[in-house]
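Multiple structures follow.
Here chain A shows up in two complexes: once beside chain B, once beside chain C.
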Partner chain A sequence: MRTNNKLILVASGIAKGVIVQSAKQTGGEHVDVQSMSDMQAAITVQDGKADYFIGSCSTGQGGALSMARAILGEEKCVLLTEQGRMLDSDIIHERASSDYRAFGVSADLAADVIPILVRTLLEKHQNTEV
Partner chain B sequence: MKLGIDSPIHIILIAALAGWTAIMVQKGIAIFHDGLRHKMGDFVSGTTDRNDLIKTGNSLNQRLMIWFIPFTLATGVILTHILLLPLDLLSIRSQKWWQAGLIGIIWGAVISVGVWVGHDVLGAMPINISTILIRSFDPLIFGMAIIPPVAVAYQFGRVPGMVSLLAVLVGYLLELKFAVIAINALPMVAGLLMVAFFTYRAEHQRELSGEEPIDMSFLETKEDQVSANRLWFVVQGALMATVVNVGIFSWFAHDMAAYSSGFQVQAMLAAIMISIGFLPTVVTSTAMTSVSQVVGLTFVFMVAYIAPNPIIAAVAGAVVMLFETRLLRNINNFINQAPTIREVGDSMRGAFDQISGILLMAGAFLASEKVLPGSGGYLIVGGIIGLNEMTGTPIMRMAVGPIAVLILGLIANIVYGLGVI
Partner chain C sequence: MVQDLERQIMSEEYHTFSDSPFAERFSLLLSSGQVQLPILNVVMKMINFVEIEFGIELTEDNAEMFVSHIALALQRIANGESIKEAPSALMNEAQALTEYWNQSGILTQIASEALDQEIPQSEHAYLTLHLATLMHNTRK
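Let's look at the complex of A and B:
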């Protein structure tokens, strides 16, 4: 997983294409991001083959994290949009820097949230490098 | 032509559906909000208590229900989210099943009356907002056939997407020339066949490459608990199919718009299209938690739209939901051994979400053209949509079109009423 030092992300849900595009744009070659079904994505993270799960759905609440919660556990999951609105970038930054492994966003806001998320995850990732 | 809720019998039917649903939700047999199912599963298995369930329910986004109101008021047809999202919250709060049932009946009656009155009010205004809204659904009705090709593009790439769009166009031409099935039907059939084709192809390639589907057997599944609840679903299927067939209840704007314009076959195809999007997650979350979706595995809608009368619809709905509960394990296994299906579901929902927004926004502009002199309607509709886009889309994209039209209609009535214009 750390062999080439890339941050490995899996994207799922109805905005998976947007998430992949946005993550690639933000992280460039430091990020390896793939889209898959939420079940597969959650299992991939659990197996340690990916670092983080990013899910999406219409409201950012319903389906975005349901599979991640089931497989990774609730304490590892957090939403980055609330009630269909974007959170302050400080809050996003804080949540991304904590111990969460799965993030949920509302589809309409994915393009705005992902850059902040990915930048923070990259910082965190680089800080844990030996 | 379906005119929506306009009789006391309709109110009784909706109240009955709401009451029955409320009891099922209170007992943890089913829930509508997909985001709440996991927590409900915990509640049913005893890992968490009702208060926790209520708290989680409160934190969920309820705005969806509000954004869909213009759709319902335009046609007098109740959309699932408007009736069932709040019903979820009301039902989980009830300590006793009969309390939930009572609250459900009252809620159903209140919503029915509200929609009846609201629909009539919109239609009675000097500038008939209902008519304008319905006109704004035209691009959605005649354009929704592009959603499956876009889903194909989203999942499999631009070239498959273009091939699928071509198939849709061929379907359109054939329908025009030979009147094969029904208006708006053949293009959608073509699109859905393309989805099936590319899914099959991808799954076949996956098998050839020797890639094994991820082993899901570590996840405990509870299909038997769902099957034990099947009698509840027999009644639910009958009730739901009846109200859909009568024309007072619809799943999303798409099937509603098609059905209330008299396009029965297209409504069924729209339901199939939406089912493709939701089936994987509904099946999986139902099997994993033992808590079903209030609308079953979503097959009830397609049979309800195609049934020739409410009696046949009721019987068909009951049978369909019965089979859903018995075949849950089979369907779940099928989806698990063909992972592409799950991904296609996501792509279909994604295309559905975004393209519907575009079609409805287009419709909003088209319908608003003549509302104010000098196409002034564009300023209001365009203004609302533009502000929404650039300030974090507080209004869901799928809903902003009709909302803009509704606001325009209200402003137009005020402005004409005051004699300003």
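Let's look at the complex of A and C:
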């Protein structure tokens, strides 16, 4: 659900500040991104008040998506970093283009991952706009 | 004095979390199968230690990620799963935060005793940085 045709993102976790900054830099006027607690962020997506959840944690192993998994369901969640490494941009692009609503990143890689994620999400929504 | 506190905390058992500010978070972690009840007992011990040792109250506002991190990390350790190796820069950063490094050492001891398992050094580093962030959030 978008207002003024903007993509609405909610950022949470230990790197939410970086996520917000990077998403705004990438998406400009096409995105609306807010930071909030991971629980609140997941509920916001569940309630249809945001399009996507972006979570972060120190290790990228679990904390980034734990509340999203519990509230939105495991099938809606995917990590974009694994074993301390950023995934190939092709894989990030593929995952962002799929039906996932919640994305998790390791805090130290957030600034690198978010631009790819946001560009893909914008592309996806432009392609589905009527 | 810290040893006395540690002993006191280790002797406590938590049978209900309904009064905890993290009750909803714990409930979600349990119902989604991400964490099991005995782990949350250990998490409560660690929360209790931090609150007493630092004289602060842990709430959803200042400690959401700290609490989730502990719960999920301990569950991974209890499951025999690996903890991501902390890069040397992160280890150095954590060790430079002397007070938090020392207090996190006590937290890992509490966890280790409760789980009857060794806590990896990397987890000591992650706990240290989370503790530093927690204190920063609390003192803002």
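Side notes on the structure shown:
Throughout what follows, the second predicted complex is superposed on the first by the 128 of 130 C-alpha atoms of A that agree within 3 Å, B and C clash if a C-alpha of one lies under 4 Å from a C-alpha of the other, contacts with A are read in each partner's own complex, and residues count from 1 in each chain.
Quick note on the criterion: a residue touches a chain if its C-beta (ideal position, glycine included) is under 8 Å from a C-beta of that chain, and two chains touch if they have at least 3 such contacts.
Because the structure is predicted, anything quoted here is derived from the model rather than measured.
The superposed arrangement places chain B and chain C in clashing positions on chain A.
In the superposed model, A:14 lies in contact with both chain B and chain C.
Once the two complexes are laid over each other on the shared chain, residue contacts for A:63 go to chain B and to chain C alike. Comparing chain C and chain B on the residues of chain A they touch gives the larger count to B. In the superposed model, A:38 makes contact with both chain B and chain C.
Contacts of A:111 after superposition on the shared chain: neither chain B nor chain C is touched. Superposed model on chain A: among 2-10, 56-64, 182-190 or 380-388, the stretch of chain B in collision with chain C is 56-64, the rest showing no clash. Contacts of chain A with chain B, set against its contacts with chain C after fitting on chain A, overlap at residues 13-14, 37-39, 57-63, 66-67, 69-71, 83-84. Considering their complex, residues 13-14, 37-39, 57-63, 66-67, 69-71, 74, 83-84 of chain A touch chain C.
Chain contact summary for the complex, chain C toward chain A: residues 24-25, 28-29, 31-32, 34, 60-61, 64-65, 68-69, 72-73, 76, 83-85, 87, 126, 129-130, 133. Looking at the complex, you find that chain A touches chain B at residues 12-17, 35-40, 43, 57-67, 69-71, 82-86, 106-109, 112.
Residues 33-35, 37-38, 59-64, 154, 214, 216, 219, 280-281, 284-285, 288-289, 339, 342-343, 345-347, 349-350, 352-354, 392-394, 396-398 of chain B are the ones that touch chain A when the two sit in their complex.
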